[in-house]
Amino acid sequence: MTTPHPHPEPAERRWPDEPLAKDLARLRETNSLTHCVTNLVVTGFTANVLLAAGASPAMVIAAEEVADFAAVASGVLINVGTVTEPDARAMLIAARAARDAETPWVLDPVAVGALRFRTDLVAELVELSPAVIRGNASEILALAGRPGGGKGADSTARSAEAIDAARSVASQTGAVVAISGEVDYVVAGDEVIGVGGGDPLLTKVTGSGCALGALMAAFLGVAGSPADAAVAASAVFGAAGQRAAAEVSGPGSLAVALLDQLYLLDPAEWTS
Amino acid sequence: MTTPHPHPEPAERRWPDEPLAKDLARLRETNSLTHCVTNLVVTGFTANVLLAAGASPAMVIAAEEVADFAAVASGVLINVGTVTEPDARAMLIAARAARDAETPWVLDPVAVGALRFRTDLVAELVELSPAVIRGNASEILALAGRPGGGKGADSTARSAEAIDAARSVASQTGAVVAISGEVDYVVAGDEVIGVGGGDPLLTKVTGSGCALGALMAAFLGVAGSPADAAVAASAVFGAAGQRAAAEVSGPGSLAVALLDQLYLLDPAEWTS
Amino acid sequence: MTTPHPHPEPAERRWPDEPLAKDLARLRETNSLTHCVTNLVVTGFTANVLLAAGASPAMVIAAEEVADFAAVASGVLINVGTVTEPDARAMLIAARAARDAETPWVLDPVAVGALRFRTDLVAELVELSPAVIRGNASEILALAGRPGGGKGADSTARSAEAIDAARSVASQTGAVVAISGEVDYVVAGDEVIGVGGGDPLLTKVTGSGCALGALMAAFLGVAGSPADAAVAASAVFGAAGQRAAAEVSGPGSLAVALLDQLYLLDPAEWTS
């Protein structure tokens, strides 16, 4: 006997289906200009993920430049992974400019909860109307005020354990909340969508979650809604990750194959 | 019938020929100490490109250190891709020190024209006598005061469309101007040299243009002139890129194979 | 006839042996939380090396955050490769916090001796009780006050030439001193241990030495002593590097294969 679940089973999406194929085709056609203010561990990999998928990355970080860029970009990512004080100022400027220009943006609150400085910064950023908040289970639990551990930037909780916390964050902020993990979940209002794909070996590639957040920002420029963008990015990244993992024996090769598979992913897979 | 061209057809160079083989052999023998003050998206890849080609990279960026280093290096690269205010100060110090010590240096004016802060900085840097200015067509058009678009760090114009602008920049600055694109052009005074090689897939590898600028700085330490250095770097990078592209199916593998092919490129190919 | 040596021949260690297998197994079980304040050329590669080996990397660099993180980490790495003034302040805070919390830490004094700013910083850091100091021969010679050249971040001396300098540094500081080179040496008090493995092609991969320093910080959390940690990291990295080099033709592939081999290295190799 199972305990009755207060919510219906999450819907599941997986590459390919028609809306996903259309969103990827539009990303390739328009080369969404994606402005990333991200951490310095993953800048190169993030830019390569965006290029491989078909977007046009811009990694401008100066306080003097981020407002102008955020205003013209299709989507913006703000990721606090290695934030310093000048970065924090630039992130707040970028987020305000994005909000004011109605450029949709993604917040990636890396390791929020564990450290006071970034936790305070994230609290300010959340007020600036991100379209999507993406994190691992520990980060989403922390955002909801529920201690969920976390080890450095790594989660110690499973993604499904953070669904209720994600609902709470979504309700408080109006953002779509994406939880990355064994299964990726996208929580939009009352709706919960599970996205298949991926591979456990991806946790051994630094920045795979961060790059997924950037890809969500890229899809914000072409998808019908923030929820659609988060689902499309998760499904595309998950499919590429799964195909890449099937052909490699370790994490070095996986990072390389992931870029190849993102590039090779073909919207025509749906119609064919 | 074709419209008469006001300039002769550009000469074309391509790996291997005797002067290119000699320059690469000297780079390998001397391990040109190449000082890069570059953007944080591409630091690792740039250092790996320099090492694979045979140079010795140094990525020192502190205002307290760049002058001493620029003075002893064989060549210096200054790339404004992710410049912040402290970086800008360090770049100006490095450029002045390079000029005063007669260390030849390369300016890579990433996304100039699109953003005020870096456009002003580039205007100051141009006054400090770079030996080579390397950019994509949109950047060279912007330097010449001709709006040429550009999307983030990506060009929206073809390299051949920027040849006249490059002549103008070369004439105003005294620098050799290198335009990267489908064909790379090196403009030195009245001379225009096209360099063959490369592959369109390289546009999906972040930092391939930036790394080419660094390689020009490395060749400045061994080639007979700035024009020779720009041509040698373009030909070597183009040959390695073309060979790498022939053996891969996506951009992840291409970045890896490019490093391998740079390392494997053999000056003896000319004499054999 | 050979000149009588004032010291006994160094002991040699090489993967696999029983203590090394036990240390690697413990690293995998505990996922040592390894806090790196390192240079921006190698952040991504360093994090990937730690993940592949089984540790949990954290690359927090803000002055506001490093003390809290250093206090809870299993081990800390401080690497001055691209240090700026704000970085220097954060490094001193992190080192003091590590010392006060008794978190063992590794100092990587990249290019010490060549540049005043970092040489002064390293002198301050050395006073804060690093458990391990890791460098190439030129860096260890410089630390001992013996001019040993160096070209940028590269050594111009052989590792064996720095053994006496390492003894001197070890005696003055109380730290274990690790010299990276053709053979890696670990000098602990009167004991000198040579560690086999590695490959000359690793010198063409940027950050391989820096990543080895980070791996020493990871092993500090599980090995019986700083000397054991330095030896374990060197042996594990050397074995993975040697296996990787055997299957590749250039430095791009080597960096990828090194990560795969670190991941595949199996403590059961010893018992089997």
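Think of it as A, B and C in the order they're written, each chain with its own count starting at 1.
FYI, a residue touches a chain if its C-beta (ideal position, glycine included) is under 8 Å from a C-beta of that chain, and two chains touch if they have at least 3 such contacts.
Here the structure is a predicted model, which is why all the values come from computation and not from measurement.
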*Which neighbours does subunit A have in common with subunit C?*
B
*Between 0 and 180 degrees, and as a multiple of 5, what angle does the rotation take that fits subunit A onto subunit B by Cα atoms?*
120
*Approximately how many whole Å separate the CA-defined centres of subunit B and subunit C?*
33
_Numbers and ranges of subunit C residues touching at least 2 other chains_ = 40, 43-44, 255-256
*Which subunit A residues qualify as touching subunit C in the complex?*
39-45, 81-85, 111, 115-118, 151-154, 203-207, 248-253, 255-256
*In their shared complex, at which residues does subunit B touch subunit C?*
31, 33, 35, 40, 43-44, 47-48, 51-52, 56-65, 68-69, 86, 255-264
